[in-house]
Amino acid sequence: MSFKAPRILPALTVVTLAAGFILVFYFAPNDADQGFIQKIFYLHVPLAVCALVGFMVAAVQAILHLRSGDPGWDARSYVSIHISVILGVAVLITGSIWARASWGKWFVWDEPTLVSFLIVFLLYCTYYPLRYAIEDRERQARYASVFAITAGAFVPLNFLAVRLAESLVHPRVFATADGGLTPKMTVTFLVCLAGMALLWQTLVRFELAAKSTRARLARLRRALDQDAVAGGSRIAPVPRRASGAG
Amino acid sequence: MSMESALEPSTAAGTHGGPEAVIALTGVRRDYGERPVVSDVSIELAAGQTLAVLGPNGAGKTTVLRILATLLRPSAGGVTVLGARLPSEAWKARGRIGYLGHQPLLYRELTVRENLGFNARLHGIERPEARIEELLGRAGLARRGGELVRNLSAGMLQRAAICRALLHEPELLLLDEPRSHLDPAAGVIVDELLGPERGRSRVIVTHAVEAGLVEADQVLLLRADGIVAHAGPVAALSPGDARAVYGGAVR
Amino acid sequence: MNAFRAILAKDLRTELRTLESVPAMALFAATTFVLFRFGLDRTTLEGSLAAGVLLATVLFAAILAINRVFVAEREQGGFDVIRLAPVDGTSLFAAKVCVLAIYLLALELIAVPVFAILFGVGAAGLAPLAAVLVLADLGLATVGALVSSIAVNSRARDLIGPLLLLPLLVPVMIAAAGAAEPLLAAGGPAYGEFGQWMAILALYDLVFVAVGYAVYDFLLED
C-alpha cells in the first residue's frame, strides 16, 4: 500500500473553488424570497452532496476490499469516510446557520434532508470507536468494511423513511433548493459542486499519502530497532562527536 | 499416469510438496498487531505421520495449530492442509480436521451428549447415537454423558473435548496439550483414543518434550520469539537446537 | 439447513434451561413502562405517545438480548465449533436472526398486554399492531444479529453494540411508529398510511437480510 500526494489536483481545486465563490458573490442573483442568506446554499448543498457521495464511495471501496483482500481498499474506504465525516460537520454547521437565518431556529425537525443527514452523520461517527475497538489489523479492516457496506445500504433507506415521515405533515420548505433555480444560479451551483468534489478528492489523496508515509516510517523505525537489538546493525549509528560541529 | 488419476481433481496441484503431503507450510508468518507471533515457518507432513510442535510458552505453537485448523488466517506465506489452500479454500478442509484446543469448545449449559449431538448435526453425521455412545464408552464417560458440561471436572472436560474432536472421524488431528488435566490412568485412555490409528495424521503441541519426540516423525521447534529453530525430521534434530530453545532444562 | 436447525435448537434449549434473556427483557419492559408513567406523568396513553413508549421500550429491551446473543459463542468457543464444521456463516446468521426474532415475539406476548392494561389502550388496535411488530421484530433481529457479531469481537463490546445499533434502527422506529400511531388513537384504531409504513418495514428487513447474507462469512473469520 503506497499512496503519493497529488500535485496538479490541489491547484485545480483552488482555482475551481475560487471561481465558484466569485460566481456566488458577483454573478448569481440574490434569491427573491430569502435574499442574501440563500447564498449559503452554494456551500451547504455541495458539502452535503459530497459527504453523502463519499459515504457511498466508501461502501463500494469496502466491497472491493472484501472481494480482493487488498488492504489498500480498506485504507481508501477509511479515508473516504473520514473526510466525509469532516465535511458532515460543516454540513450541519452551515445548515444550522441557514435554519437560524430563515426560521430563527438552529435546528428544524421538519426539514427531512437535514434530519436524515443528522442520523447518517451519527451513524458514521460510530465508525471510529468501532475501528479502534478491534486490535488485529486484518480483522479491523474486514469489520470496518462490513460496517461501511451496511451503513451504505442504510443511507438511502433512511432518507426514504425520514422523507415519508415529514412530507405527510409539512409541505417542502426549500422549494427553491430543488426546482426554483434560475439558469445563473444553476451554473454557479454546478461550479461550486465541482469545486467541492475536487476538494474532497484532494483531501482524500493527501490523507492517504500521509497515512502511507506514517506506516512506512513506522516500518523503517521497527527495522532499525530490530537491527540494533540483533547487534548486527547494517546502518552504523552516527558517532556524536564526529557529526557535531565540535 | 492412469486416466482416473489424471481426471481426478488433484489435491496435490496446489501443494508445495509431494502428493502425499497432508500439511505443507512455506514461509508462514502471523502478526498480532504490528508484531509477528511466528515467522517463516516451513514444514511438510506426509499422510499418517505425526508432527510435534515444541517450544517455550509464547513461542506461537498454538498460533501454528490454529492456522492449520483454518481458525486463523496466516498474515503471509503459503498454507496447504489436506489439499486445500488456506485461507481461500478453507471450506475444503473443514469437517476433515479434528481440533483439540485449550478451550474444550463445549457449551456449558448443555450436557455432554447434547454437545456431541450438536456437533454431529453440524458435521452432517446421520444417526450419530451409536458413534457418540462408542466414543463416550472408550473415553470412560458413558455414565457422565447426561451431565451438564459446566458440572464436569477439568479431566472429564478434557475427555469430553476429545470425544468432540474425534466424533466426525477426522483425517487430521490437531492436538494442543492433549494430556493436560489428566491423571496417569486417564492419560493411557487418551493416548489410545488419539493414537495414529487408520493412517490419520497428527500434529501435537506439547511441553512434554521427550515424550513428544518419541511419538513424532517430524518436529517443529520454535524459539520464544516465534522464530523457527528446527523444522524437519526428528532424526535431524540436534541436541544443540533443543538446548538453544529451552536452555539447560532439556537433555 | 441442518446446521441452521441445529444452532437454533441449541440456542432455544439453552434459553429454556437458563432463562437468561426473555424473562430479563420482560422485567425490563415492565419497569420501563412504570418509569414512563412518571416521566410523562400520564396514566393513559394513546396515539403517537402510546406508539412511542411501546416501541422505544421494545427497542431498548431488544438491546439486552442482542448484547447477549453471541456471548456463549465467544466465551465457550462456539465460533470455533462452527468454523471447524463444514457449515457456512449464513446458517449461523440465519439461526441468530430467528433466535432474536423469537425472543422479541415472546417479549411482546408479555409486554403488549401489560402495556395495554397499564395505560388503558383498547384491544381493538392490538391485532393489526401485531403485524407491525412482526415486521419490526424481523428488522431488529436482522440488524441486531449483524451488529452483535461485529461488536462481540471488539473490545468494549457492550458499548459498541448499542452505539452502532441505535442509528441503524431509526428507520424501524419511524416506520413502526408511523404505522402504530393511528392504531392506538384515542377514538379507536384508524389505518392512516398503514400500507406505506408496512412497505417501508418490509423493504428495510429485505435490505438488511440481503446485506447480512452477503457479508456474514467475512465476520466469521478470525
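As written, the chains take the letters A, B and C, and residue 1 is the first residue of each chain.
What we mean here is this: contacts are C-beta pairs under 8 Å (C-beta built on N, C-alpha and C of every residue); 3 or more make two chains touch, one makes a residue touch a chain.
Since the model is a prediction, treat every value here as computed from it, not as a measurement.
A.B. asks: Taking each chain's centre as the mean of its CA atoms, which one is farthest from the centre of subunit B?
C.D. replies: Ranked by distance of C-alpha centres from subunit B, the top chain is A.
A.B. asks: Work out per-chain C-alpha centres and flag the one nearest the whole-protein C-alpha centre.
C.D. replies: Ranked by how close its C-alpha centre lies to the overall one, first comes C.
A.B. asks: Hey, how far is the Cα centre of subunit A from the one of subunit B, in Å?
C.D. replies: 47
A.B. asks: Quick check: how many Å separate the C-alpha centres of subunit B and subunit C?
C.D. replies: 40
A.B. asks: Using CA atom averages as chain centres, what separation in Å is found between subunit A and subunit C?
C.D. replies: The computed centroid separation for subunit A versus subunit C comes out at 32 Å.
A.B. asks: Can you list the subunit C residues in contact with two or more other chains?
C.D. replies: 221-222
A.B. asks: Residues touching two or more other chains, restricted to subunit A: which are they?
C.D. replies: Within subunit A, residues 135 contact more than one other chain.
A.B. asks: Where in subunit B do residues touch at least two different other chains?
C.D. replies: In subunit B, the residues touching two or more other chains are 73.
A.B. asks: Taking the touch rule as given, give the residues of subunit A at its contact with subunit C in the complex, in rising order.
C.D. replies: 66, 119-120, 122-123, 126, 129-130, 133-135, 139, 142-143, 145-147, 149-151, 153-154, 157-158, 160-162, 164-165, 168
A.B. asks: Going by the contact rule at the top, pick out the subunit C residues touching subunit B in the complex.
C.D. replies: Its residues touching subunit B are 2-3, 5-7, 10, 13-14, 17-18, 72, 76-78, 80-88, 221-222.
A.B. asks: Would you tell me which residues of subunit B are touching subunit C in their complex?
C.D. replies: For this pair, the touching residues of subunit B are 66, 69-73, 87, 91, 94-95, 97, 99, 101, 103-110, 114, 118-119, 121-124.
A.B. asks: Mind listing the subunit B positions that touch subunit A in their complex?
C.D. replies: 31-34, 73, 75
A.B. asks: What residues on subunit C touch subunit A, complex-wise?
C.D. replies: That would be residues 146, 150, 153-157, 159-160, 163-164, 167-168, 170-171, 174-175, 178, 193, 196-197, 200, 203-204, 207-208, 211, 214-215, 218-219, 221-222 of subunit C.
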